[in-house]
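Heads up: the structure comes next, in structure tokens.
Chain IDs A, B, C, D and E follow the sequence of writing; residue 1 opens each chain.
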Amino acid sequence: MQVNENFEPVIVAFCCNWCSYAGADLSGTNRLNYPANVKIIRVPCSCRVNPMFILRAFQRGADGVIICGCHPGDCHYTSGNYFTRRRITLLYSMLDFLGIERNRTRLEWVSAAEGAKFAAVMNQFVEDVKKLGPNRRLEDLRCRKQ
Amino acid sequence: MQEAMIKRAKELLADGTVNRVMGWKKGEFAYDTTPAVFETAEEIDRDFIYNDFTQANQSKYLIKESRKEGKILALLKPCDTYSFNQLVKEHRIIRENVYVIGIPGGPKIDIEKIKAKGITGITNVKNEDYTLKIETIYGVETMPFYEAVSVKCESCKSKKHVVYDELIGEGGDILDSNRFDMVEKLENMTSQERYDFWRGELSRCIRCNACRNVCPACTCENCVFDNPKSGIDQKAAADSFEENMFHIIRAFHVAGRCTDCGECSRVCPQNIPLHLLNRKFIKDINCLYGEYQAGADTTSKAPLTDYRTDDCEPSVVHERGAE
Amino acid sequence: MNKNEKDWIDITSGVNVRKCMRCGKCSATCPSYDEMEYHPHQFVYMVEKGDIEPLLNSVSLYKCLTCFACVERCPRGVEPAKVIEAVRLTAVRKQGNNHLLPDQIPDMLDDDLPQQAIVTAFRKYTK
Amino acid sequence: MLKISASNLNALFDRIAEKQTLYIPVDREPNVSEYKKYESGMTMSKALNTVRSAKDFFFPQTENLAEFKVSGKTIEVKDIRKENEDFVVFGVRACDARSFGILDKVFLSEPVDSFYKNRREHGTIVTMACTRPAETCFCTTFGIDPTVPGGDVSVFFDGENYFFLDNTPKGEAFVASVSDMLEDGDASKLAEVQENTRNIMKKLPLSGLSTDSFGGERLMEHFNSDKWAELSESCFGCGTCTFVCPTCQCYDIRDFDTGNGIKRFRCWDSCMYSDFTKMAHGNSRNSQLERFRQRFMHKLVYFPANNNGEFGCVGCGRCLSKCPISMNIVKVMKALEDK
Amino acid sequence: MQRIGVFVCHCGTNIAATVDVKAVAEALSHEPGVVVSQDYQYMCSESGQELVKNAIKEHGLTGVVICSCSPRMHENTFRKAAASAGLNPYLVEIANIREQCSWIHKNIASATDKAVILGKAAVAKVHLNAPLTAGESPVVKRALVIGGGIAGIQTALDIAEAGFDVDIVEKEPTIGGKMAQIDKTFPTLDCAACILTPKMVEASQNERITIHSFSEVSDVKGFVGNFTVTIKKKARYVDETKCTGCGLCTEKCPMKKVPNEFNMGLDNRTAVYIPFAQAVPKVATIDPNYCMMLKNGKCGVCSKVCSVGAIDYKQTDRFIEQKYGAIVVATGFNPIKLDKYDEFAYSCCPDVVTSLELERLMNAAGPNGGTLLRPSDKTHPHTIVFVQCVGSRCDDEKGKPYCSKICCMYTAKHAMLIREKYPDTEVYVFYIDVRTPGKNFDEFYRRAVEQYNVHYIKGMVGKVTPKADGKIDVQASDLLSNEQLHINADMVVLAAAIEPDKTARPLATMLTTQMDTNDFFTEAHPKLRPVESATAGIFLSGACQGPKDIPETVAQASAAAAKAIGLLCKNSITCNPCVAHSDELMCNGCSACEKVCPYGAITYQDKEFRMPDRSTAIRRVASVNPAVCQGCGACTVACPSGAMDLNGFSNSQIMAEVDAICK
């Protein structure tokens, strides 16, 4: 496979408002670097992330989608991330079953205190997606940028 | 069997237990049976049929029928009872308005499998001791019964009726089926092989919605794919992405609710093995969250509306075997 | 201060000496304490400071029985025995060579040698 | 008549495919066929007909019509129409060949559908006479002779050789372009084959089906029939019948925002769908009964009323074998016809 | 047509140094619907807000996008500004170009590109924002305090003082908690009972305070201002209303070999018991694990001797349901179990005790009536070794990573008390660090060293070995003199780490509050909101939030009370309008949403609908109680038909953001 050195993946990160979004803020406050490829969408809870959003992101040109939520047991809404964990595990497993590269998707628990973890996770994820190259298996050709 | 069913149906109509009977109506050929509602004994005598071709899962019709005046008799095969139960659980079928008779199930025959042998001009199909005698305008052909068994019956999961008011014939047991073999085979392929497999299958999709509309788990008042407000509505797949999207989301929406009745694959005009997507979810749920059979009862918590604090992390997906 | 040597000990021991909170429990628990010139907690502290030369030249190096009592008891998971082992290894490597080969050990056994030393020797050479 | 031996058919395909795109029916699974772009080595299917009809070549399921780009306050419209390349569809059956005439009436009457027209002009239809019809066939009901399949070129098979008969100037040009591979042959056996097939057609279970009870003049009578409720009762409202039908021509036009512009496309639609022809006020047909009735009324009553008595069905039998609950036009006709 | 204003903040140089703010404003001005796009030095300043307000009025804006710091910082600021200019506050969106852009990235070009995309996503979202009105929900004027230790008592007293009803739920038969077990308090050495028991009595006599002793919280529903709590009143087999606390039953009970938990198991009590003399409520409790009557129906002595007929062997657990406006958690702490510390011989040697056990041994109401005797042979100990940091500051699974905070001080106290009462006793304290921040704390410790001659040795005990002669060999290192010591001791006292009570974790789940990895409740803000949990209406009091000594606990308890009073004073509170709602026309009534709702906010009803085919049908449809819904969105994904959507984070809004980002 031809690896494009200049490939800059589009990464969509869904972050729950209470933990991960605050964790992302903290990594900013601590001036911890991660690539600009990552764009964060704030959701109240990771359980708000509908599989439709994930597919939509891939359709519109995302090369990787990551969901971040509170650690299990720490959900601001008690149980939201437990549902997330089941739903997203099954969805990712299905995407894998359909032959979509499994490293394009990820779910991570990042607490409000884990600014360093947030940055590390994002660095790693961007690197993984870069290795995979552009999303071709789950893209909508009509949306491909010329 | 057909006689016993007709007899009992007429009795129940006569004694006023029910005012309608849901059954199958004979068609133009030996094999084209249509689900139908009978209101009189005469209609039943004239058109009622139950044979090797009466495959259709009738439970979905009962959503509407159970909301009509009076009680309806439903003749449910073991697999149909799971769908029925699931619909009762989701408050879609009003249980009190249905009188359920459990009837023996398959194996049923798929006419397409006979036609695939090049047999055409079929005028009659007889099952003579598990050899099919197929009369055609080009002469009589024979083939072993089991070679014509429909895909959904090949991997029958249960002969047990999970809900009924009475049984005709004998009740059965849950079977040790091989239904996950193909899923497993796919899981053992490489990512690229799986991708190629599914592209080959899903690219044939013509979005006729037969799979969705026949599915007893797809009972939404308005499907997200028909609802412009959902943002993902589509009438035809304008891109391979939309083919994937439709089937992923459909499978996801019925995950934990699909009873694996196999209707989706049966009705697909393009023979796409859609049941594999549902079975993948079922297999994952069984492996990761404990055995669960949708429709087996009406009280247990569905796997996707339930959780355990020590559920596995999604990394199990990433850590599975080779890419 | 010998930075390289310190780094080398950090790597070979796999111990983060900065985790030490100087409670001295390692030395409090050490059966060879009285034999030693530098005690386990001093090993940890001196390695942290990079003050390794005195350790290399000290008999303490060979008094450690590698009984792992300190490792077991340390509340911070510092694992002093591994540090001592790493220093010992540094000393051995400094001599240019491993002078002791596994097959040579049996011949060197005598009745006065403590059992633990034999065990240590095996532990060291089976790696 | 010009002929080619069965063993040379693939050589002929190779020749055709050199100059233009060639589509032939090939088996996807045993006796399940679909049209594929010909590539050397492919074998033509022996199945009676393809699962999907041949209308796809002229009226594809989805098709881009125009593109827009919005920048600031201006909208740029991009005409994406372009001349099609010539192509050949080989092995079309008589029923599908007739369907093109029906589609033509819709798409080529004013206002002409330029996308459809373009494809029609560039497509050459090579038909194939039927020899082994199935029990679901009822093309004769609509006056179609499956042994004389029509199209630009008719092809007949007598068991050993394929015979070519051009019906149109386009067909003539096609035959001429490959004439060096064809040879004059004795077509005497053909008449026998055709007669045999016609006899089989008479023996088919649906041979007695007639259109006598249908047509424009029976509109209100059929519309108000009390049979529709029972007929439509088990219909799930899927679009299988519509999408495998060679004559269904309804479509929806939609805009898709790609993020970098708008693509306007059309896609097949089905009158069986609950959101078919949905307008601001809602749906025009709100119950499955109405929608079900629409499809069959259109084929059997409305279409002939507007097209000099020509029916909107060609009797290919696809809907008979593909309907999930085996409800179909034949059952509708039998229920409604004069007894 | 939308009229959107975009405002890009420089945040001094915080944003402007790495993001070309002018270019961002320029780029966003071309987005559809954007009519004004400006940048400014400090958008959150008064003049910055003025800029936004003027633009709203001048351009008749229908939506506002602020490109600035995190919405967690100033979303409310700008919502308020918009509201004051007449724009619905929920038509404001924030693009986080500081924490999630300028502070992260160094390259100006890529940071600017990203800021533009984040701005575009916010513009795309604000296009779909709907004006929302926050509803109001009434506040129940009653507070619940969970835990009846000094923290809970203090909180309850303060809230009652302010005029609100308070219930205390205490899982033990009496309130008082750990403080009731303590002998003397540092740094004043006054008697714990003397200052605690009056407060216990005060609580029991305050008519606004209801004490549910021997009770547990079994379920919590609802939300700030309107919690519904189910309290399980465990069967104590004694009618609380009849029992006079005379104690006759406890004297007559034949089952006398029950380990007395109040005295840390150092002596025994009877099966029917009153934990200690000043217990509140002073009511007997029967321990069903030991009571012969309850176990095999043979005895019944207590019932016979009880003159008021308070004994009721048939009593069962009772559940009462009560509504509260605020909940204060005061579940306290326990010393950790030391059975994993083999080196200290705690499990095998009775003369190795924990500090809390020492408290009981020295207490006048303790097993030895206040005389310090060795548990093993009841002789007077002459050498006592204290070991600090047992399980505290540990990096392994055996212990806790934090400092337990109170041990240095109580050990100094113990050492001092022993030296004062028994001057012939040698006292050694092995410490790693002596931590005495607090008023008069270091002076106290110095007194122990200088005045009372306690031997403080820097170093840790490595090994404690009981010897055949009843003595205990303590092997330790003296780090300062660099030698290994062996002390021939009579007693060893271990300063065990403290940990949150085990009931706290399930309680946190019920309360939907967060905990840290050590099971201490997490405060809403470590500095600015130390007594509130992140869940509205739940407050934290005492050691459940972190290790604390008594003065600190009391201070925090009063602070939590003040916060709770602040809430209870309000007649109603504004609800979050970003809640779920169901489109009844699309709802299938399948109950999937109901099953995932953690708040029970979703209910179903049968409603009559006119169907598209003009028929009428009765359909089961979901409806959301906006006052109960907290807006997590779990239901929106459980709903297959998409009937359930979330205000402020609707499907279309999130997809618009996705589209804008991926474009």
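Methods note: a contact is a pair of C-beta atoms (placed from the backbone, for glycine too) under 8 Å apart; a residue touches a chain by one contact, two chains touch by 3 or more.
On a predicted model such as this, the values are computed, not experimentally measured, just so you know.
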Interchain contact steps from chain A to chain D (minimum; 1 if touching): 1
Any chain in contact with chain D as well as chain E: A, B
Chain at maximum distance from chain E, centres defined as averaged CA atoms: D
Most central chain, judged by mean C-alpha position against the global CA mean: A
Contact-richer chain pair [A-B vs C-E]: A-B
Furthest chain, CA centroid comparison against chain B: C
Centre distance in Å when chain B and chain C are each reduced to the mean of their C-alpha atoms: 70
Chain centre separation in whole Å, for chain E relative to chain B (CA means): 51
Rounded Å distance, chain A centre to chain C centre (Cα mean): 46
Cα-centroid distance, chain B relative to chain D, in whole angstrom: 30
Multi-chain contact sites of chain D, meaning residues that touch two or more partners: 256, 259-260, 274
Junction residues of chain E, two or more chains touched: 596, 638, 651, 655, 659, 662-663
Residues within chain B bordering two or more other chains: 224, 230-231, 238, 304-306
All chain pairs that touch each other: A-B, A-D, A-E, B-D, B-E, C-E, D-E
Chain E residues within the chain C interface of the complex: 343, 389, 393-396, 399, 432, 458-463, 475-479, 482, 484
Residue ranges of chain B touching chain D (in the complex, touch as defined): 27-29, 32-37, 56, 60-61, 111-112, 115-118, 120-123, 136-138, 204, 206-210, 212-214, 226, 235-238, 263, 266-267, 269-271
Touching residues (chain side chain E, partner chain B) in the complex: 585-592, 595-596, 604, 617-620, 638, 640-643, 651-652, 655
Residues of chain D touching chain A in the complex: 256, 258-260, 263
List of chain E residues in touch with chain A within their complex: 70-72, 96, 98-101, 103-107, 110-111, 113-114, 117-118, 121, 509, 512, 514-515, 534-535, 578, 596, 598, 630-634, 636-638, 646, 649, 651, 654-655, 657-659, 661-663
